[in-house]
Structure formats: C-alpha cells, structure tokens
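The two complexes that follow have chain A in common; it is paired with chain B in the first and with chain C in the second.
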Partner chain A sequence: MADVTLTVDGKTITAPAGTLLLEACRKVGIEIPAFCYYPGLSLQAACRMCLVRIEKMPKLQTACTTQVTEGMIVATDTDEIHQARKAMLELVLANHPLDCPVCDAGGECELQDMTFKYGAGGSQFVEIKNHREEQQWSPVVFFDRPRCILCYRCVRVCNEGMDVAALGIQQRNSGSVIAPNDQTQLDCEQCGMCIDICPVGALTSDTYRYKTRPWEMTHVGTICTHCGDGCKTTLGVRRSDDGMQIVRGDNRDKSGLNGEFLCVKGRYAFDFANNEERLTQPLVRQPNGEFAPVTWEDAIKIVAQKFRVARDDRGGASIGVIGSTRNTNEEAYLLQKVARSAFGTNNIDHHRTTDYVALTRALAGKKHRMASIADAGSAPAIFVLGNDPTEQHPLLAWNLRTNVRHNSARIYLANHRDIKLQRQAKSSIQIPADGYAAFARFLGGEENSVFGEDAKALRDALRNEPSLLIVFGSELRGSAIDALAEFGLSLPDTKFACLGDYVNSRGAADMGLYPDLLPGYVPIEQEGGLRAEYGGRMSQQAGLDVAQMFEAAARNELAVLYVVGDDPAERLGVDADALRNTFVVVQDMFMTATAKLADVVLPTSNLYEKSGTVTNTFGDLQLVKKAADRAGVRSDLELIVRIADTMGEDVHALVPFGKGVRADMGQSRGVQSGEADRHGIWLAAHNLEPKLSPFDPNAVLDEIQRLVPGYNFDRMELLAGTSQHVDADGSGVMEISRFANRPDGAMPSADTLFTSGTLGHYSEKLNEVETFQAKKSMVAAD
Partner chain B sequence: MSIVRDLAAVAKGMSVTFGEIFQPTEVENYPDGPGPFRGAKFEERYRGRHVLQRDENGLEKCVACFLCAAACPSNCIHIEAAENTAEQRISSAERYAKVYNIDYNRCIFCGYCVEACPTDAITHGHGFELSSLNTTSLVMRKEDLLAPMPDSPAKLESSTQ
Partner chain C sequence: MSLTSIAENPKPGSTIFSPELAARFDKLVTLYPRRRSALIPMLLYAQDEIGYVSDAAIAEIGQRLDITVLDVRNVLTYYSMLRTKPVGKYNVQVCTNISCMLRGGQEILAHCKDRLGIGHKETTPDGLFSLEEVECIGACSWAPAVQVNYDFHEELTPESMDALLDEYRSKASQ
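The block that comes next holds the complex of A and B.
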C-alpha cells in the first residue's frame, strides 16, 4: 500500500497506509504502552492504555485500533496523556492485589513495569480489595482471579492462535471474569500459551509457581528435545545440590523459529532431567547377574577392551552400533565415524521414523526444493498428506493456522483420519489408511477407482496452484515419495518437507546413521571423499540395520552391541535371550528396557545438558546450548571419544581439535558464561575459536561443515542463534539404482501431544497431563 | 617557688582523680553483665545479626520474595522457596522460605536487606558476637535466625507491652 505521512509529537513519520498508529509509532521508537494489544492477535482496545490525542478528534483515541492517515497530527507525550495513563493504571490497580513479593510474575510483569513508568505513587481507593481463591484449571494452569486485568490476551490466543477456544469471558462489564468454557476445567491442548501471554501473574504454571523469581534464574535458549519441529525453548535454570536444575521453559523472547509458540512438551516436559530415577554412576554387570557401580575409568576400560578384542578377533562386522534421534549432529556424526573408521563396521543404524532417504533421492540434484518450517507460515498454498500436525508437529500446525489467519493461505488435506486441521483447510478428503501410495500415484495422473470426485477436485486444485508446499507424514515411504515428488516437480513451484518424529531424526539421517549410507546420503561404495578421510579400516560392505543386528545376535554372530541413547529393546520387543552371547553397552539417562539387558550402562546427559547442533525435520539447523547440568553424568560425545581413545585410536584423527588459537575464551563454560558470548561469536566467525579438547563439539562441527554435503551454512549466523536451512539437495547422491527397492525400515512412533517415546515415560508432568486428558475424554464420551 | 608550682600542679591533677573516684561507674560490664548481651549496650539502630520476625499468629513473615537476596551487595543470602499447603502453613502468604541462609563470612551489615524487605520479615538484631575459628559455623540457617515462637497469647501480649 502507498505510504502516508503523519506527525507524532512534532516528528514527521512515514508508514504504509493501513498500519496501526501504535505499530507506526513503535517502529520509529515512540513508545505507546498497551496491555491488550498483541501483535498477530485480533484487536481488542480493552485496556485503554494506548490513548493518544489526535488533532480534530473530540476525545482521546486508542492507538492500537486507529489506522494512520495522511496528515494526521498525534500527541503522545503531553500532560493530558500522562494523566490519562495514570488514571487507567489506577483503575487497573483498583482490585489488583499488591502481592508482587509472592507473585510469580513479579520482576517480569508488564503491569509492574507500566506502574513504575507511567503510574501514580498512590491510590485514591480506600475500599477493601475483593479477594477470590486461586483456582486450578488443569495440571498445568492455575488462575488467580484478582490479579487478572482483563486484557483478553489469553482468550484470543486460545481462540485464534491455538484454535482451541477453551477460555471465555463470563459476565459483563466490571464483573467480567476469564473462565474455562468447560465449567471449571480447561478442555484444551495444555499448551500453556495463555500463561506465557498473560501480562500479569493471573495465569501461572504448575511447574514454576512459587519456586523462584525470574532474576534468580539463568535463562538459556536451547532446542526442545521432543518432536521433530525443533522449537527454541528458553530454559530457566538455577543451582541445585547436584548441578544446575531446570525450573521453567518458555519462549517469551520469541528468539527462535517458533516465535512465541511452545506446546506442552516444550514448556513442561523438561522434568525428566530432574527425575530421581536418573542414573549417575556407570554400572557393570557382575558374574552374579547384578549391576554394580564402578568408576568411569574402569567402565571405559572394560568397554574399550571388549570392543578391541571383538574387532581384532572376530572382525568389525561383529560389532553393532545403534545411534540416537535425540543426540546432537556432532555426536551422531562422530558415532558413525568411530564405528566406520575405528570399529571397522557398517552395522550402524538408528530409530528411523520416516524415509528421508527416499525424499533426498527423489529430489537429487534439485536445489532449494526442501522447505524450511518457516515456509509453512508464509507459503500461499500447502498440501498436507498424512500425519496429524496438531498432535505430532504442533509448531507446523501453529504456522499453518497463523498462515491461514494472516495470509488467507489455502490448505489442502488428504488423510485417513479426521484431524483437527480440517477446520482451517480449504479442502479436505479422506483416503484409506493403506491408500497413500496409490493416492500419490493418482496425483501423478494414474486413474484409480478408489478415489472419487472429491479427490479429482483436489488434484485439479493442486495443479492450479502457482506455488505449493507439500508436507507429508511417514505414511508415505519409498516409491510413494518418488511418485509424489514427480507430481510436485511437474508443478511450477513446489517445495517439500517430510515429517519425522524426534528432535534430531533428520540430523541422525543426515549424519549417516545408516548401514548403507555415509553422511549426506552418500552411498557406502562411493570412492574418494569420506572414504578417503576415514581411512583403510572402513568396510565397503553395507552393514546390518537394527532388526538385522538383533537377528545376528540371536545367531551368535554379534560380539558387541553399542547402543547410544536409544531403546530398541522396547520398540522391537527384544527378549534377553537373544542377547545372551552379545556384550551390550548402553549409554542412556535411565534404566530403559535395553539398559536392563546391558552388560555395561554408562549414564549420559540429555540434550538440555550439552552443546552442539540439531537439525529439525524440515532441515533447519539450530544451535543447542548447555543449560542444565547434573553431577555424575557425561555427554555422549565425551564417552565416544574416551572409548575410542582407550581402544588406542588416534583421537586427533577422529576430532580435529587443538588447531588455531590456544586459550579458553569462555566458550566451554556453558551456562556460566550467561548471555551470548559475543567475543566467542567473533572468534568463530573468523574460524579462530579455540578447540582445546577433543570433547569440543565445535571441532566436530568443523568437520561436518567441511565434509557433509548440504551442510554449507553460515557459521556466524548459526552461533548468533539464527536457524540455518540445510538443503541436503542430494548433491552427494549419485545415480543410485540400488536404492529403488531399498527397505526404509521406518517405525513411526505415533506419539501424541502428550507422549514422547521412551523419554516421555520419565516426565512426570507429561504423564500427569496425559492422565488428565484421558479422564476428560472419558467423561466426554459418557 | 618552683616546688610550690609543682605541688599545685599535682594537686590539680589529683583533684580530677579524686573527683572521679566518687562518681557512679560509667563502664559497660561486658561480658559479666546480665541479659542475653551480657552487659553490652546498643543504640536502637545498631545493625547486628539478623532476626527473622514472626507475625502476631506466630507465622513467619518471610514470603521468600528474594528481594533481600537481590539487594544484598555481598551476595550472602541464599533462599529456597516452597509453597504453603493447607496442612502445613509456615507463612501467611502462598510461599515461604524453605531454606534461608545468611553467610556471615560475607555479610557487611549494610542493612539493604532490611530496607528491601516488603513484609518487615528480616530485621537487624543486636547480636554481635560473630567471631569463630570455624568459618562454616558462620553460615546461619533459618532456624538460627528466626525469632522465638511466642509460647502463648498471654505471653505474647506481655512481651509486646
């Protein structure tokens, strides 16, 4: 739209016509206070804090609902306005309890800030405040009614942002009350957005309430360890008896690719880190069958000894390695490098939840066809095939809803279930649960009687889209993805995204945790490149996948199984007998089903307790920062290096450390360094960062950046906290006819909003919420 | 003449001595005096060891707002908060201090914590015997700092008079 020129406080400013006066002022640094205005939500004009004087208008106007017009003359800094703000705050505070010393919001409360800045020192009201007891609305949401200032942000974010409408307003006028629409409890997704968006302490969260104060915590922005969307969650940590304890998760600074959004898992399911069942000592199975704690040195010596003997006596093929979907890229990369170059085995795999290989192969050689998750919030048309984003990819669902609301995006759905996203869809069809592959071919033009007129209409609509984003779930694998990609590539402008389940599912795939593929989906038999780097011990023979490893173990062909942060025994239902003759080493936080079968268990840290990078399912690479700490555990990176070292491998060949400047500039201090280490960012940008120890993930990242196809990102941007889209565009993938019938081996985990694989078992809050939701749905069914 | 002058000087000096001998004693009888401070006397606003006060019902006044810890320039106050329950009520607000430690190795008795306290829970007492050969004994816990529990309402009444 054309620009208009107006005058604010004697200053001439220019803004596009239609801009809200409040936004136009904020852009040029003129602050107009407001409670109820929230960017992205509908306008309310309830709080009256943003009143300004506009010439030729008889009364003060609300800047949050007034659009700028040509020649407008506005005053925001006069005695009249100051008086108006003071009076408004006095009314807001009329029944607001002054319990700031105990209120959770104290110290980060918008009402406190505004009262300091604009408010009066005293109050003219002498009446006794009207007290109401605090209410618990759900396992995570508490409501303190007198603190509420009726800005309606919670109601709007629940209705518009989340499309849940669990909150509403009862009564009218000064008697208005925010209340759950379903009597006394919230019937919702328990996302906690209402708590985060509340400008005061009226809505508080169960995990954080009355625990500490905002300034007592250190706030570290890192990546949520649960689903594959990779939201940034800012963890509030404080000292505890055995390290640094996480007390809160939110994203109020909106610094990540998720903006202000977080779901129940990102906000509350960090408590597994504080679970009392966590292992903190290395355990070794004794001759009597019981575990006994040993020192780290002894445990690593035993493991390294067994690994070396197995490799030297029975060959590399007798060693199996299983990686994790929740570890960093650095750990995944190093694990496969150690497996291939030190153990001499290609028996390496991870919990595959979807088929990234097929998509990479289908898009081989095509640049910029992989979408970023941000594209879901801006693309004009999106086709979601399979999956239930509301349950499994909450950020994707949020982006899609926002896109529809703000940009009138067109969403097309094809699914075998009724999913909640249908409410936003332009067109939605139901297909049989086993009909995804057929539907992909149907889109490409193959006629099929299963699909009726509505499917044909959908296909025609998709064909007419000038620009399309195709997002598909793990229902589509193998050749079905080829068919879909062929259809997509026949359209003028199409991007793709494939939905995997866990935080680093994509990273684990990109880093080559496959028996037949090297990092960047390079086939194992390809000469040069990585093969030259990894040295002569590397085998050219494709290895075993997870299931085959257990079969080999049962046939007594596997001497050693090394499981790093995965729980295959629970997933595959492996019985103890199958591993009778296999030496099993498990690195995990908990005594999982697999750990129970192990000979050595090494307690490790989780994603919140380490540094590195992860890649979300869309290929957005993000920095993970060490937030919490726990005495007695070690990171997987450290353990992999130490085991290789004790085996007698050259650590310098595994991790390129100790190059460049030699001094600790504070990068290794993690949480202790507090805010962003700007000096460290500068050093990193000039490739001068010291990598003093082989446990430094930055050193491994150097090698990833150098060797893994697609990972040519801007290091400085990454370290500054911006996500970087890595386009694994298949430049490393050659003509791979062998892949055409390659088994994808995927086992989708079918997690919901309230489960998170094995890790979910150990989050008390998540389990409590799940029980609460189950009870609610049972009551609703009755 | 000089002898007379010298004697006069001695007499003048001794007159002061003998004059003071018959005045009442002005010295504090510390440490042999009566009372908890063993004869030591203080100005009302002397800043000694802290006392955590209770309200008229015997509940702790401290609500664990952390403002004293935030105000403390020497960072000597450590607090851990917990929530009151219906069965176990420690303070009159929702929250109370589960742990309240003051490290007297670090405290500089500036009084900022007392000024910051919104509930008048922390005050300076007159305790001053804070020397020790063992620094660990100088980290005082909440139990060391709390004002004694009023035994009965009757006693409370008499003590406030």
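The block that comes next holds the complex of A and C.
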C-alpha cells in the first residue's frame, strides 16, 4: 500500500497506509506501552496502556487500533500521556496482589516493567483487594485470578492461534474472570501457549511454578527432541546435585522456525531427563544373568573386544547395528561410518516411520522441490494428504492455521478420518483408509469409481493452483509417492514434504542409516566415491534391515547386535530367546525392553545434553546446543568414537579433528569465568571452530558437509542459529532398478499429541496429561 | 481428545423446551445474519420457561447456535438478569437506586428482608419468594418501585408492600 507521512512527537515518519499507529511508532523507535496488543492476534483495545493524543481527535486514542493517515499529528511524550499511563497502571494494579517476590513471572513480568517505567509510586486505592484462591485447571495449567490484568491474550491465542477456544471470559467489570471450558478444568490441547503469552503471572505451569527465578537459570536455545517438526525451544537450566537440570522449556524469544509456538511435548515433556529410572552406570551382564555396574573403561573394553573378535572371526556381516531417530546427524553419520568402515558391515538400519527414500527418488535431479516447514506458513495453497497434523505435527498444524488466518491460504485435505484441520480447510474429502495409493493415481488422471464428484472437484481445484505445497503422511509410500510426485510435478509450481515421526527421522535417513543406501540416499552399489574415504572394509553388498537382523540372530548368524538409542524389542515384540547367541550392546538412557535383553548397557545422554545438528522432516537443518548435563552418562558420539578407538581403529581417519585451526582457549589471557564461552563465540563468529577433540560434533559436521549430497549449507548461518534447508535432491542417485521396488520397511509410530514413542513413557508430565485428557474424552463420549 | 468445541449434548432433534418455544427458537436463529446473534433472546426465553438457565438449556442453546458451552456462559454471566439457579415462584426485585433510595427504597428492602426472613438473592424455604436488590428498573417517577417477575408495583410503603406480599401468597394457594 502507498506510504503516508505523519508526525509523531515532532518527528516526521512514513509508513504504509493501513499500518497501526503503534507499529509505525515502534518501527522508528518510539515505544508505546501495550499489554493487550499482540502481533498476529486480533485487536482487543482492552488495556488502554497505548493511549496517545492525536490532533483534531477528541479524547485520547488507542494507538494499537488506530491506523496511520496522511498528515496525522501525534503526541506520545507529553505530561498528559505520562499521566494517562500512570492512571491506567493504577487501575490495572487496583486488584493486583503485588506478590512479585513469589510470583513466577517476577523478573520477566511485563506489568513489573511497565510499572517501573511508566507507573506511579503510589496508589489512591485504599479498598481491600479482591482475592480468589489459585486454581489448577489441568496437569499443566494453573490460574491465579488476582494477578490477571484482563488483557485477553490467553483467550485470543487459544481461540485464534490454537483453534481450541478453551478459554473464555465471564462476569463483568472488576469481577471479570478468565474461565476454562470444562467448568473448573481445561479440556484442551494442553499446549501452554496461554501460559507463555500471559504478560503477568496469572497463568502458570505446574512444571515451573515456584521452582526458581528467571535470573537463576541459564537459557539455552536448542531443538525439541519429540516430533519431526523440530521446534526451537529455549531450555532454562539450573545447577543440580548431579549436573544441570532442565526446569523450563519455552520459546519466548520467538526465534527459530516455530516463532513462539511449542506444543505440550516441547514445553513440558523434558522431564524424562530427570526420571529416576535413568541409567548412570555402565552395566554388564554377569554369569549369573544379572547386570552389574562396571567402570566405563571396562565396559568399553568388553564391547570393543567382542566387536573386534566377531568381525575378525565371523566377518563384518555377523555384526548388526541399529541407530536412532533422536540422535544428532553427527552421531547417525558416524555410526554408519563406523559400521561400514570399522565393523565392515552394511547391516545398519533405524526405525523408519515413513518413506523418505521414495520421495528422494521421485524427485531425483529436481532442484528446490522439497519444502521447508516455513513454507507451510506462507504457501498460497497447501494440499495435505493423510496424516493428522494437529496430533502428529503440531507445528505444521500451527503454521497452516496461521497461514489461513493471516494470508487466507487455501487448504485442501484428503484423509480417511475426520481431522481437526478440516475447520480451516477450503475443501476436504474422505477417502478409504487403504485408498491412498489409488487416490494418488486418481490425481494423476487414472479414473476410479471409488472416488466421486467431491474427489474430482478437489483434483480440479488442485490443478488450478498456480503454486502448491503437497504434504503427505506415511499412508503414502513407495510407488504411491511416485504417482503423487508425478501429479505434483505436472503442475506449474509444486513443492513436497513427507511427514516422518521423530526429531531426527529425516536426519537418520539422510545420514544413511540404511542397509542398502549410503548417506544422501546413494545406493550402496554405487558407493559414490565413499570407498576411498571409508577404506577397504566397506562392502558393496546390501546388508540386513532391522527385522532381518533379528531373523539372522534367531538363526545364530548374528554375533553382535549394537543398538544405539532405539528400542526395537518393544516395537517388534522380540523375545529374548531369539538373541540367546547374540552379544547385544545397547546405548540408552533407560532400561528399555531392548536394554533388558542386552549383555552390556551403556547409559547415554539425550538430545538436550549434547551438541550437534538435526534435520526435521521437511529437511530444515538446525543446530542442537547442549543445555542440560547429567553425571554418569556419555554422549553416543563419544561412545562410538571410544569403542572404535579401543578396537584399534585410527580415530583421525574416523573423525577429522584437530586439523588446521589451533585454538587459543583463553590460556594466553588468563582464566576468568566465562572466558572460554566468550572465546568459543568469538571463534564461531570467525568461522574458526576449535574441533580439538574427536568428540567434537563440528568435526563430524565438516565431513557431512563435504560428503553428504544435499548438505551444502551455509555454516556461518547455521552457527548463528538460522535453520538451513537441505535439499536432499537425490543428485547422487542414479536410476537403479532395484531401487524402484524397494520395500520401505516403515512402521509409523502412531503417536498422538500426548505420546512420544518409547521416550514418552518416561515423561511423567506427558503421561499425566494423557490420562487427564483420556478421561475427558471418555466423559464426552458418554 | 474430545475438545468440546461444539456443545455435544443433547442429541440433535430432541429438545428440553416446550414445542412452542422450540419452534420459536427454530425461527429466531434464521432472523439474523449470524446465528449467534440470537443468543441473548434465547437465554431470556429459556429462563422464562424454565425459571432459570439450566445446564441443559445452555447445552441445547449452544448446539442450536453452533457455539461452545463456554461461549454461551461467557455471555450469560455478563448479564445480572440472567440466572443459572432457580428462584422462588415470585422474584421480588427491590430497587434501591437513586430515586427509590431517596423515597424509601432501602426501607422497603429492609422490610421485605424482615417479613420474608431472607436476604439478597435468597429464597424462602417454601420456594414461594425470592428477594433481590436491583438497580434502576425505569420506574423512577413512581419511586420507590418493586418488580415481581414481570409486574411493576409503585409508590410503595411498608404497609402496601405487606399487602402485596399477601396478595401473591394467596394467589399461589389458589
């Protein structure tokens, strides 16, 4: 829109017509205080903090709802305005308890800040303040009525942002009160958005209430370990008896792919890290069948020796390796490298939850066809085939809702069940649960009587979209994906995304945790120059997948099974007998079903306790930073390196560390608290990462960047915290016929909003929320 | 997850209201550009029929308007003339706003409290009378005024108030 020129406090400013006065002022550095105004949400004009004087207008005006117009003359810094702000704050504080010393929000409260900056030192109110006891509305949400300043942000974010509408406002005037939808409880998605958006301490979370003060925590931005969307989460950590403990998760700085969004898992399900069942000592099974703790040195020696003997006596093919969907790219990459180059086996796999391989193959050689999750928030039209994003990909669902709200995006759905996203959809059709492949072909023009007029109308609408994002769930695999891709590629401008379940499902696939594919989906037959890198032990024979490894074990053909952060026994229902002649080594946080069958269990750290990178299901590569710490555990990266080292492998060939850069870690300038940290930042800023040890993930990242097709990203931007979209465009993939009928082997996790695979079992908060909401749906179904 | 977004009970088609009121509601929701605009009249009519706005009425009205129970309650609780608890057969609303106050409204209220043995927003044990202190009911010219259900009674004195209460009592026993 055309610009208009106006005067604010004597300064001439220009802004596009239609801009809100408050925004126009902020842009040029004139601060206008506001409580109820919140970018992205509807206007409320409830708090009157933003009052300004506009010439020729009677009374003071709310800057948050006034649009700029040509020639407007505005005053924001006069005695009158200062007085108005003081008066508004006095009213806001009339019933406010001022219990800042015990309030969770104390120290990061907008009301404190405003009162400090604009408020009066005293109050003319002498009346007794209204008081109501705090209420618990759900396992995560608490409400302290007296602190509420009635800004309606919580109501609006739940209504508009979440499309849940679980919060309302009842009564009137000074008796007005925020109310939950289920009488005295909340029947909702339990996301905690309302808590984080509350400018004061009226809404608080069970996890964080009365635990600590904001300034006592260190805040580390890292990536949520749960679903495949990869939200950035800022973890508040605090020193504890045995390390650094996570006390809070939020994303109030609104950075990262997700802005301020987090679902219940990202915000509250970090407590698995503090679960009492956590393993903190290496365990080795004794002749009597029981586990006994041993030292790390002994445990690693035993494991390395078993691995070496198995390889040398029975050949690399007698070793099986299963990786994780929650480890970093560096760990996944290194694991397959060690398997192939040190163990001499291609028996390597992971828990596949969807078929990334088929999409990569279908788009082979096509640049920029893979979407970023950000595209879901900006594409003009999105077709979601299968999946239930609200339950399985909460950030995707948030982006889609926001896109509809702000940009009137058109959403098309085809699904075999009713999903909540239908409420935002332009059109939505139901297809049979086993009809996805047929539907993909139908889109491409293959007529099919199963699909009626509504399906035809949908197809026509999609064909008419000048630019389309196609997002599909694991209902589509193999040739169905080919058909869908063919349809999509016949349209003028289409991008694709394939929905896998866990934080690094995509990374595990990209890094080559496959028996028949190398990093970047390069077929093993092709070896893509990797042999020169990985050395002579690397075999060109495809190995065994997870199921085949257990079959081989049952046939006594597997000497060693090395499971790094996965629980195949629970997933596949493996019985102990099948592994009686296999030496099983498990790296995990907990005594999982698989760990119970192991000979050696090595306790490891989780994603919140390590550094590296992960790739979300859309291919957005992000930096993982170590936030928490736990005495007694080791990262998987460190363990993989140490096992290989103890086996006698050349660690320098495995991890390219210590090359080139000599880092000054502060020694030359004396030791001072924080020095090393600051120095680390300086190094990063100059693109000089220390990489002084083989346990440094940056060293592995160097190799990933050099060798994995698609991973040619901007290192500097990544380190600065900006996600990098990797186009695993299959450029290294040649047409190989075996590739076409390749079994996908996917087992979707069927997680909901309140579950998270094996890891979810260990989050008390998540379980509590799940039980709470399950009771609600039982009541509703009656 | 249930996410009780749309009021779930009762089953569509069934109604807790009289056939006449149900028919009236059917028409009412079509009169406005947005269905939910019919909310306040519906609440009032429901209260007239049932005596108060019951949970079942809230649920059915929500369903008829395609809004949540929470939405209904948000509006309902705003208005003091809409109630969610039953009252006595005769709801005695005594005005104590300025004109009435100047002409003895407070005394009328005190007198009613005394005679009925109940206070503000209370109901006699026999369920006959409820008492409520209210703001101006628009009968200032004839203050002090009292409204019983929808009937006005003006220029009252403690004596005429007594007679009024007796009249209602005998009406009830007929």
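Basically, the second predicted complex is superposed on the first by the 756 of 782 C-alpha atoms of A that agree within 3 Å, B and C clash if a C-alpha of one lies under 4 Å from a C-alpha of the other, contacts with A are read in each partner's own complex, and residues count from 1 in each chain.
Just so it is clear, a contact is a pair of C-beta atoms (placed from the backbone, for glycine too) under 8 Å apart; a residue touches a chain by one contact, two chains touch by 3 or more.
Since the structure is predicted, the reported quantities are computational estimates derived from the model, not experimental observations.
J.: Specify the outcome, clash or fit, for chain B and chain C once both structures are aligned onto chain A.
T.: fit
J.: Angle at the Cα centre of chain A spanned by the Cα centres of chain C and chain B: state it in steps of 10 degrees.
T.: 80
J.: So, does A:188 touch the first partner chain B, the second partner chain C, both, or neither?
T.: A:188 sits against chain C, while chain B stays out of touch.
J.: Using the touch criterion from the header, give the chain among chain B and chain C with more contacted residues in chain A.
T.: C
J.: Looking at the overlay, does A:211 come into contact with chain B only (first), chain C only (second), both, or neither?
T.: Touch partner of A:211: chain B, not chain C.
J.: Tell me which partner A:106 touches in the superposition: chain B (first), chain C (second), both or neither.
T.: After superposition on chain A, A:106 lies in contact with chain B alone.
J.: Per the contact definition in the header, classify A:779: touching chain B only (first), chain C only (second), both, or neither.
T.: Second partner only, chain C.
J.: May I ask you to decide whether A:292 touches chain B, chain C, both, or neither, giving the answer as first, second, both or neither?
T.: A:292 contacts neither chain B nor chain C.
J.: What is the contact status of A:164 with respect to chain B (first) and chain C (second): first, second, both, or neither?
T.: Second partner only, chain C.
J.: Could you grab the smallest C-alpha gap between chain B and chain C in the overlay, to the nearest Å?
T.: In this superposition, no C-alpha atom of chain B lies closer than 30 Å to one of chain C.
J.: Kindly list the residues of chain A that each of chain B and chain C touches, one partner per complex.
T.: none
J.: Which part of chain C faces chain A closely enough to touch in the complex?
T.: 1-5, 8, 68-71, 73-74, 77-78
J.: In their shared complex, at which residues does chain A touch chain B?
T.: Checking each residue of chain A against chain B gives 99-102, 106, 134, 209-213, 215-216.
J.: Would you mind writing out the residues of chain A in touch with chain C in their complex?
T.: Chain A residues touching chain C: 164-172, 179-182, 187-189, 420, 752-753, 773, 776-777, 779-781.
J.: Going by the contact rule set out above, which residues of chain B touch chain A in the complex?
T.: Interface residues on the chain B side: 63-67, 69-70, 81-83, 93-95, 118-119.
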